[in-house]
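In what comes next, chain A is part of two complexes: it sits with chain B in the first one and with chain C in the second one.
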Partner chain A sequence: MATFGRACLILGLAVALYGIAASIHGARSGRQDWVVSGRRAVYALAGLTTAAFAVLEIAFLRSDFSFSVVATHSSTTTPLFYKMAAPWSSQEGSLLLWLFMLSIWSSLVLFLTRRRMREVAPYATAVLLGFGVFFGGLLVFMESPFDVLPIPPLEGTGLNPLLRHPSMMIHPPMLYSGYTLFAVPFAFAVGALITRRVDAEWIRSTRRFALGAWLALGIGILLGARWSYSELGWGGYWAWDPVENASLMPWLTGTAFIHSIMIQERRGMLKIWNASLVLSTGVLAILGTFLVRSGILDSIHAFGASTLGVPFVSLIAVMIAGSIALVVSRRETLRSENKLDSLLSREAVFLGNNLVLVALCAVIFFGTFFPLISEAVTGDKASVGPPWFDQYVVPLALVLVLLSGIGPLIAWRRASAAGARRNLLGPALVGVAVVVVSLALGAGSSPPTVLMFGLGAFVIAGVVQEFWRGARARRAMSDDGPLRSVVSLVRRNRRRYGGYIVHSGMALMFIGIAGSSALQHANDANLKPGQSMRSGPYDVTYVRPTSSITTTAGGRLEKVNFGSVLDVRRDGKHVTTLRPSRSFFPSTAIEDFGPVGRFFEGEATSEVGLKAGLTHDVWTAMTPDIDALKPIIDEGDKVFTKFANDPGTTPEARSQALAAILVGITENYRRSPPPTTFRVIASPLVTWLWIGAIVIVGGALIALWPTGDPARRRVRAGYAARVAQELGATSREPEPEPEPEPVRSA
Partner chain B sequence: MEILAVVAVMVALCAVVFVVSQPLRRGPEAMERQTSERVRDLEAAREAKYQEIRDAELDARLGKLTPEDHRTLDRQLRADAIEILRELDELGG
Partner chain C sequence: MDPSRKRRVRLVTALTIALLLAGALVYTTFSAASPERIPSQLSTAQAGQSYKLGGTVVAGSVRRTPDSMTFQVRDPKGPAKVKVSYTGSVPDPFREGREVIVTVKRDGGEFVGQRDSLVTKCPSKFQSDTQS
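== the complex of A and B ==
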């Protein structure tokens, strides 16, 4: 199996190298057969990486510990669901996932454009295969997932318990889909610049891939945030961690790109800007992958120090230098066909929105790499924390939300002051009303938060107004009812109205973020059963401890759980009962911690107690004082060691004795629980973050849906007219049928 | 097991060589020939589709198709014709 997997990767590397040469030769000589051969190399690479990935998945599912990567990232006790996700918990497996997804998306785009863009596509093929060679090379020469152990262990190390969360099944594939999909517009931009075909055709051909990348990366980021909120036990969803930031940066420049390409499509403007944006996004996508893999910055998500730094830095350097050289050498070709007519126009707002997004990216880039910058300048590796990010990101976010509300409400090219006033007045009044209500409800302690509520309401009101006016116009032209006219409106212009829905989702998200960040109450307390603490408007009482042992389907002991039952009240009335717990997975270091002690010294995970609501979330996590259990654990170790060393003790008896001792410890925890540290967070409006995310995904899917594209519809209308014209031009009266059909009797 | 792996690798290698080299084995002339054959096929399909549209129109006039059925059929046939025209344009035909 491993031999076959390794051979697939070597073959894949060879075929990718061949494909680059064939594509470039075909493009330069005009030989279509070489171009097609190069494209087929991408299909072959996709087939080979699919086979390699399947080999790795099967090895994980079969717990084949002869594979080194399986032995170090899975175990027989790992549940099946997580065995399937375990390949991308490893460095090697995630690199293979990257290559697999790159080859699949590349094949798809090249298949869809096989009869178009004949000059640009071969160079885009070469660029995409260049990425394939890079990742294939890493997998063949540096981080092979198919290394085998001479003597396979009987049991594997197991999957990191922190990664045992359902979102881990789709979070990394989504992130990698985003990164690899951004490689598609990057590659076509390079092809367009090389061939000087910098009109809007390459944008139209790859726009959907850019939007798909934006959506996939966004979903990946949100799933990561959800995982952090519900699994990491610190109560937040965003920590400005380098790896989080690494995924946010290409998403921000990608957001700018999918807005500014509309200006190029419509007006032939911003060609240099668009080319620079998409090239930067491609570089940032690779940078994001590099940050997770290199370990140069400390992160809870990173794979730790590895030897991949030099190759990645080399690739990034080549990409940056090549991008700059291409844009500079093609600056004459990239000159805008039109100029900005007025600052009061949708183009101007889009441009403003682009500048804010790029500024946000620059701030995050500086903050993320500050440890390296400070180390280079002062010799000390200092880092900046959330307050530093907040002081720059919050004002920029406020401006961004304001512009995203204004953009849809004013006209392209030149809006009149009266028209702008008419369109903006209603939403602005709604925004002001929300500010007044927020102040009345006591949110005035945080002016930026109140402002964000008002701006969010302004955006949503603007979107509602656009839908209302559009549906009213449709109703004037047809007999459709209100709902049907809205559906018809969206179907006729999915890109525009899908985008508006995304804007409203984004506004909801910002409202959730502002409310939950600035107005939350976070409190820690060390409690014994019967004691209470207060967090915001809630009184939380530690009612009683709980404990249990979790075993796998095969009867193996998986983890020891210590939990608690909490009674949550508001103004004396029962709100909910929460059951946070902390699970302890066994360490493999029996010699260091003892046969019983090791069950309390491995990885520990939090299961949070959460009551989610539209106005408030009550979030709780607990950390039991395990040190208080130390005497009884040590006693258990002594008793078990003595029993196990008896020559007459059978393995079954040893297992039973160990289980009995652990059950005894958990019962003891329930009988005389040690003090437990609780963290309780009363977080207002956080649910709107997740609701906003769902709205964004829905809007983006509508915008992605192919048949609603106005450009496509225009093309189709052109073809329909041509059919009618050609039918008319060649029309001849059909020959009458020789004999009329007999009339059938009833 | 190792023999099986070697066989699988050989099969993969042959498949890759076959897939990638096929356009080269045909040569550029064959590629062009294939394209022009496809264009001819599509032109024939376009004419046939136009004929179908006219026939349906005649059937409607003669009362063999109800107006509703004719509308549905005509819409479908014109959609097919559009796809043919689109492909012809992509091939430069």
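== the complex of A and C ==
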């Protein structure tokens, strides 16, 4: 099987190399048959990597430890669900996942554009296959997932317990989807620049892919944040860690891109800017993939130094040099067809939002790479922490939210002062009211937080106003009910209203972030049963300890859990009962520890006790002092070793004895629990972060959902706009509307 | 002023502002950053300056008190070690023998960890457990 998987990869590499040659030859000679053949090479690559990925997945499901990567990343005690997710916990498997997703998305975009973009597509095909060759080459020559062990071990190392969380199934694939989807607009931008076809067509053809990339990467980032919040015994969701920043940077430039392309689509402006943005997003996506693997920066996601540094740095250098050469040599063709008419226009606001997003990305880039910069400049490696990031990101985020509220309310080209005032007044009043209420409720200790609440409310009120006005205009033209008119409003212009929904979700999220980061109480205390601690308005009492042993479906011991029952009260009234616990997984270094002791020397993970609420979350985690149990564990080791060394002991009797001793230890834990450190966090409004995230996903899906034939839609929308203008049915300034209104997403 | 000249003036103004902001950012960052150190390099540490201390947690050195903990950190390859007292969150993978990074300030012969700054380099994805 391993040979088959490896053969698929080698064949895929060959097919990709052929496809590059065929596409470029076809494009240069104008021979369509070569172009078609190049495209089919992408489909073939997709088929081959799918087969290779399936081989790896099956090996993990069957616990086939003759595969070296299965032996080091899975085990028979790993639950089935996590066996399925284990392939991408390895370097090799995750690179294969990258290639697999790249080939699928490339096939999809080339299939959808097969009758269009005849000049640009062959070069885009070559670029996409170029990425295929790079990752295929890594998999074939450097990090093969199909290495076999001459003598397969009986048991594998197991999936790292820290990765045993449902998010493991979807967080990495989402991130990789985002990274690989951004390769699509990158490739088409390169094709458009090479062929000097820099009109808006390549943008229109890849818009959904850019939006899809933005959404997938966003979901990936959010799932990571949620994972951190609900699983790690820390209670935060963002730490400005290099690996987190690596995923945020392409997302920020991607956000800028999906806004600024609307200006190019409508007005033929900002072509150099857009080309640069999409090319940098592509580079940042590869940089993100690289940072995760290189170990050049200290991270809590220590991935270990690997040999991939040189190839990745070479690829990034080629991408940057090529991008700069293309943009510079094409600068004449990239000239703007129009000029900015007025600073009071949606274009100007978009431009402002772009500058803020790029500034955010630049700040984060600088902070992330500061250790390397500092070492190069002063010879001393120094780094910056979360306070540094907050200091720069908070003001920029405030401006960003403000602009995201103004954008939808202001007309294209040139807004009249009176019109702007009419559209902005209502939402601005709502924002001011929220500021006043927040101050009255005592949030004044953090001015940026109060300001963010006001700006968030401003954005949401603006979106509500747009929906209300749009629905009213529709009702004037038809006799639909209120709900129906909103639905048909959204259906007629999904890109625009989906974008507005995304904006409101973003505002909710920023409110959640501001509230939970500035106004939270985090307390740590070492308690014995019966003792209490206080966090914010909550009194938390350690009622009693709990303990249990988890076995897998096959009856094998997976982990030992020590937990607690906590009683949470506010002003003396019972709020909830929480049950945080800590799970201990056996160490795999069997020879270093005793058979019982190894259960307490391996990885330990926290199961958080969480009560989520619309105003407050109460978050709890615990760390029992295992050292206090050491005498009992040592005693268990002694008893067990004596029993197991008796020649008459059968293997069954041995495992029964081990189970009995572990049960004894857990019972002892319940009888006389060791002192335990509890961490309690009272976090206001954090739930709105997750609610906002769900709203964003909903809005983005509305904007993304495939529509009918674009040409027919354009005719229909143009007709509708003319009719609307003639009827004077809209309350806003008439907008020159040659095409459906583009979306603002984020 | 003719439009193209006006545009150029605007562009130059914008670029100047951007450069000034970038300069301010670079300047403040160099003074705000914490140098990365291992225990043997901390002998010359100045009080008041924060350092990002990296190293291995010494076996048997972890002591927990009701509201804080102390542990010793040693060079990854060497005997030099320093004592750190720390409050705040302790990451799940923290244990003796693991590599940790913690932001510290000097306080006499000891180092005081900044609250919640302790991170553990976990033998996470892409690295087999046997290496830890």
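The working rule: the second predicted complex is superposed on the first by the 705 of 746 C-alpha atoms of A that agree within 3 Å, B and C clash if a C-alpha of one lies under 4 Å from a C-alpha of the other, contacts with A are read in each partner's own complex, and residues count from 1 in each chain.
Everything that follows uses one rule, which is that a contact is a pair of C-beta atoms (placed from the backbone, for glycine too) under 8 Å apart; a residue touches a chain by one contact, two chains touch by 3 or more.
Given the structure is predicted, the values throughout are model-derived calculations rather than measurements.
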Which partner does A:3 contact after superposing on A: first (chain B), second (chain C), both, neither? first
Check the residue A:155 against both partner chains and state whether it touches chain B (first), chain C (second), both, or neither. neither
Partner chain(s) touched by A:625 [first = chain B, second = chain C, both, neither]: second
Decide which partner touches more residues of chain A, taking chain B and chain C as the two options. C
Once the structures are superposed on A, label A:31 by its partner contacts, choosing first (chain B), second (chain C), both or neither. first
Quick one: classify A:40 as touching chain B (first), chain C (second), both or neither. first
After lining up the shared chain so the two structures overlap, which partner does A:374 touch, if you call chain B first and chain C second: first, second, both or neither? second
Quick check on the superposed pair: does A:116 touch chain B, chain C, both, or neither? Answer first, second, both or neither. first
Which chain A residues come up in both lists, the one for chain B and the one for chain C? none
If you look only at chain C, which of its residues touch chain A in the complex? 3, 22, 25-26, 29-30, 32-36, 52, 54, 62, 64-67, 87-93, 95, 99, 101, 103, 116-117, 119-131
Using the touch definition from the top, list the residues of chain A that touch chain C in their complex. 72-73, 89-91, 94, 157-158, 160, 162-163, 232-235, 239, 293, 298-304, 306, 339, 362-363, 366-367, 370-371, 374, 377-378, 380-385, 388, 392, 522, 524-526, 588-589, 601, 603-606, 623, 625, 627, 675, 677, 679
Of all residues in chain B, which touch chain A in the complex? 1-2, 5-6, 8-9, 12-13, 15-16, 19-24, 26-28, 30-32, 50, 53-55, 57-58, 62, 64, 78, 81-82, 85-87, 90-91
Touching chain B in the complex, chain A uses residues 1, 3-4, 7-8, 11, 15, 18-19, 22, 31-34, 36-37, 40-41, 43-44, 47-48, 51, 115-116, 715-716, 719-720, 722-723, 726-727, 730-731, 734, 737, 741
